[in-house]
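Reviewing the structure listed below.
For reference, chains read A, B, C and D in written order, and residue numbers begin at 1 within each chain.
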Amino acid sequence: MQRGVSTFRVKLVSFTGDGEKVVAIAAKMSRSRKGWEHHEKNMTKEEMETWIKDSILHGYWSVLEHSVYTFSIEGISRVASHQLVRHRIASYTQMSHRFAKPKDEFYQPVTPSWRDEDEFRKAYEDSYRHYLDLLQSGVPEEDARYVLPNGVNTNLVVTMNARELYNFFGLRLCSRAQWEIRKVAWLMLEEVRRVHPILFRFAGPNCVIHDNFVRPEDDPVTLDQEKEFVSARCIEGVPRQGIWKCIQNSRTVIEKVK
Amino acid sequence: MQRGVSTFRVKLVSFTGDGEKVVAIAAKMSRSRKGWEHHEKNMTKEEMETWIKDSILHGYWSVLEHSVYTFSIEGISRVASHQLVRHRIASYTQMSHRFAKPKDEFYQPVTPSWRDEDEFRKAYEDSYRHYLDLLQSGVPEEDARYVLPNGVNTNLVVTMNARELYNFFGLRLCSRAQWEIRKVAWLMLEEVRRVHPILFRFAGPNCVIHDNFVRPEDDPVTLDQEKEFVSARCIEGVPRQGIWKCIQNSRTVIEKVK
Amino acid sequence: MQRGVSTFRVKLVSFTGDGEKVVAIAAKMSRSRKGWEHHEKNMTKEEMETWIKDSILHGYWSVLEHSVYTFSIEGISRVASHQLVRHRIASYTQMSHRFAKPKDEFYQPVTPSWRDEDEFRKAYEDSYRHYLDLLQSGVPEEDARYVLPNGVNTNLVVTMNARELYNFFGLRLCSRAQWEIRKVAWLMLEEVRRVHPILFRFAGPNCVIHDNFVRPEDDPVTLDQEKEFVSARCIEGVPRQGIWKCIQNSRTVIEKVK
Amino acid sequence: MQRGVSTFRVKLVSFTGDGEKVVAIAAKMSRSRKGWEHHEKNMTKEEMETWIKDSILHGYWSVLEHSVYTFSIEGISRVASHQLVRHRIASYTQMSHRFAKPKDEFYQPVTPSWRDEDEFRKAYEDSYRHYLDLLQSGVPEEDARYVLPNGVNTNLVVTMNARELYNFFGLRLCSRAQWEIRKVAWLMLEEVRRVHPILFRFAGPNCVIHDNFVRPEDDPVTLDQEKEFVSARCIEGVPRQGIWKCIQNSRTVIEKVK
């Protein structure tokens, strides 16, 4: 075990370059008799924004599937990766601890709490010592890894489309989500908003999504524009007045890694 | 009903630009402890080809999901579109005959047979006349369309990843597939081989896929290289000797539209 | 074409017999350290109801996937079947018009409108005549069917789990859904409520689902109990005051087939 | 940590009672114009067997989706559960270590190797001690669990349909699969063959599945009937002559838990 720079990283490594246009044209084609070429030539940016906005606010999610994003998520724990892969409408490739030993500078388990950092460090060192002993005595790595801690770091390549991202964000940006997967979610949101701000303008935890389904439709709410909620409460039970504060609390997890 | 230029068209309108690289790096990352950046910098084209080839020939399909393709498929019949949307691991946006009337130059039903073209034309004209009459007498278009023929043309935007495309090709390039969906499949194959020849080098009907699973692995077969099959028969019952001829028969459907 | 008794039928032919118990135990096991056997022995009916209710009202949908339903849906049109199979998280087996000719008493296209029944009947007869002529002149059935009307009848076996059914009902019980698929949905709802009333107590169009997500949680709304909505509008734009009337309008489609 | 009876258990807790009949009727209905009731009344057991056999040997997998199975899998490690949930066409409910502390008699991590049992035990005790210390000092359980070993036990409720089970078995009965998930797979196979012997007669690792796709079709191979392979090798590279021995090796993992 070697103390190194944390490898925790969420990076958008590939995506549908013209994804916003693709989504908007697809939405329009469901109502039009004309073909792709016609719309590609004639659709203005304003029109594009309108088709995307209307699709999201009316729950016409399927068109969002045409824009796809690939992330490299590195240095997260197996606690977080186990939660991540539960999202089934996505593609995953995970670093295998059967074939790639998390040794030396590659052993960088995630420490969840700062106050008790020492206790975690000691636990991680003990586990690592047992792991090395087992490898030493000839136990194959696929078995030795059973003694590694749940916090052990792993890497994944993850591909999700914009619809699944909206669903993922709805659940995992919520303050109820476990802090590490939440951190991953907020970082993923930053990445996709950077490249496709129109498409992800209405993304947020489920409180935001649901409120847009039931509030006056010419007055949508976004994470950037904190309007009063019309919902009596969010799905987790937080009352109307407390929701914005709750979202801010959730987001603080992102500060801690910067 | 107006006789116009056939609108039958299969066009790749968007795709993961660096999809071959993404697939190869993902495959490598499952065996490596290093991150995306390292592999992106260091992977040679030869290495990329090897990772892709090995993934396909050993059935490690999941890495192929990271490369994604969007097609505009225009002017196919609802016979074909109904079959197409049965592939559930894909995204579809279809022109709605509830909202977009297939009238005038937009009524171009697909004629399946050349010998009896006249009989089809007459049938299509009769249906069209009834359709117009119903619209005329105030029947809403969502109901009037019940009398339109199954051959009536429609447009779809379709997104599939490379893994699902391999599966789709396996089934729909086969001579047993219905001719129209087969035509769509062969045209889609042309499109993706044009942009990602390495990734789709081993694509083909299931006879080819299965043979590569069971034949000596340093001797794979492709549509371009007609090696003798080791399989006793294909999954549809065609014996070893007849398979290549069967594939050629299947492919002829593509000539007829060019 | 022979006038016969309409074959339109939606029948639940198989399902998870103890599905309500399975869902409730699964929900409980996510919070408990004890095994299946323990919960199976000790869970009371009241407890079961509470676990199911809480799961639905808090959007903990995944546990509902453990209860599964198979329907035989017979005599619907290809207009409706094409919409049905767009729901991808489900299993379908459809009568093939490639292999099973819809002739004689099996040709019973669906008539969408009663006022203009005659016009539809004439259209359907014309199509049928052309179909027979094509078969007569040796056109294979897989091609001849291109002239059959969209309204032509077909049969499907459909399997969906309770979670997907909630999603399906949310969309297809809505008055905005096309009338035939809506009729199918209301009939499916009747079938599953008959066998699993607890599990489907909160099912309804999306207006109902969304309202339960945002209203005071000790006061849920169901189709049987028409409480005032807290939502300003439904996702389709109907204002609070009009929603219950809209639901009733939607449901009338079911009366017409009884 | 308390030494107790191992809780490792794979139990079929619910399934489609008449699943074999449902699959066979669905298969037949795709080729027939008649409805469910007719086939239910008239299908003999021999006919049922034939429809199922033909569907599997010709890769007509979709009909197998209509028969569904729910397992309670208890006492497996998080190493195994992480692999299990990677199968996306399935439903999972997992015991949460966020809410259910694996303490006292509920801490029973899985020991992968018998020769070095002591070393594993010591490692597991050290981890447990650190876990308790963290809880003691007020660290919430959702964070304390980061120091628990990967081998820590968990419970899941898993629902898969027969098609996905064939796919799961294809991959996880293979001797290349990690031993614990392999043990789970062999035990699941025993469970489903007990209740539906006809439906799972052709299940096996991919070597068996692939050979049935390419061998003379009147001569299928099953795990019970060890015919000579026609494949030159399995997909993992084992040559024809070694395959049956390899399958037997794979299966030994099941003996060790009985």
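By definition in this document, contacts are C-beta pairs under 8 Å (C-beta built on N, C-alpha and C of every residue); 3 or more make two chains touch, one makes a residue touch a chain.
If you want to know which protein each chain is, UniProt gives these names: A, B, C, D = Flavin-dependent thymidylate synthase.
Predicted model, so just to flag it, every value in this text is computed and none were measured.
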{"item": "Inter-copy rotation, subunit B to subunit C, in degrees (Cα atoms; steps of 5)", "value": "180"}
{"item": "Over-half contact-pair match to A-D, picked out of the listed pairs A-B, B-C or C-D", "value": "B-C"}
{"item": "Interchain centroid distance [CA atoms averaged], subunit B/subunit C, Å", "value": "29"}
{"item": "Interchain centroid distance [CA atoms averaged], subunit A/subunit C, Å", "value": "32"}
{"item": "Of all residues in subunit D, the ones touching two or more other chains", "value": "92"}
{"item": "Subunit A residues within the subunit B interface of the complex", "value": "7, 9, 11, 13-14, 16-19, 22, 25-27, 29-33, 35-36, 40, 62-63, 65-66, 68, 70, 72, 74, 91-96, 99-102, 106, 155, 157, 159, 161"}
{"item": "Partner subunit D, residues of subunit B touching it in the complex", "value": "58-59, 206, 210-211, 213-217, 230-237"}
{"item": "Subunit A partner contacts - residues on subunit D that touch it in the complex", "value": "77-79, 81-82, 85-86, 88-89, 92, 97-98, 109-113, 116, 119-120, 122-124, 126-127, 130-131, 133-134, 137, 139, 142-143, 145-152, 178-179"}
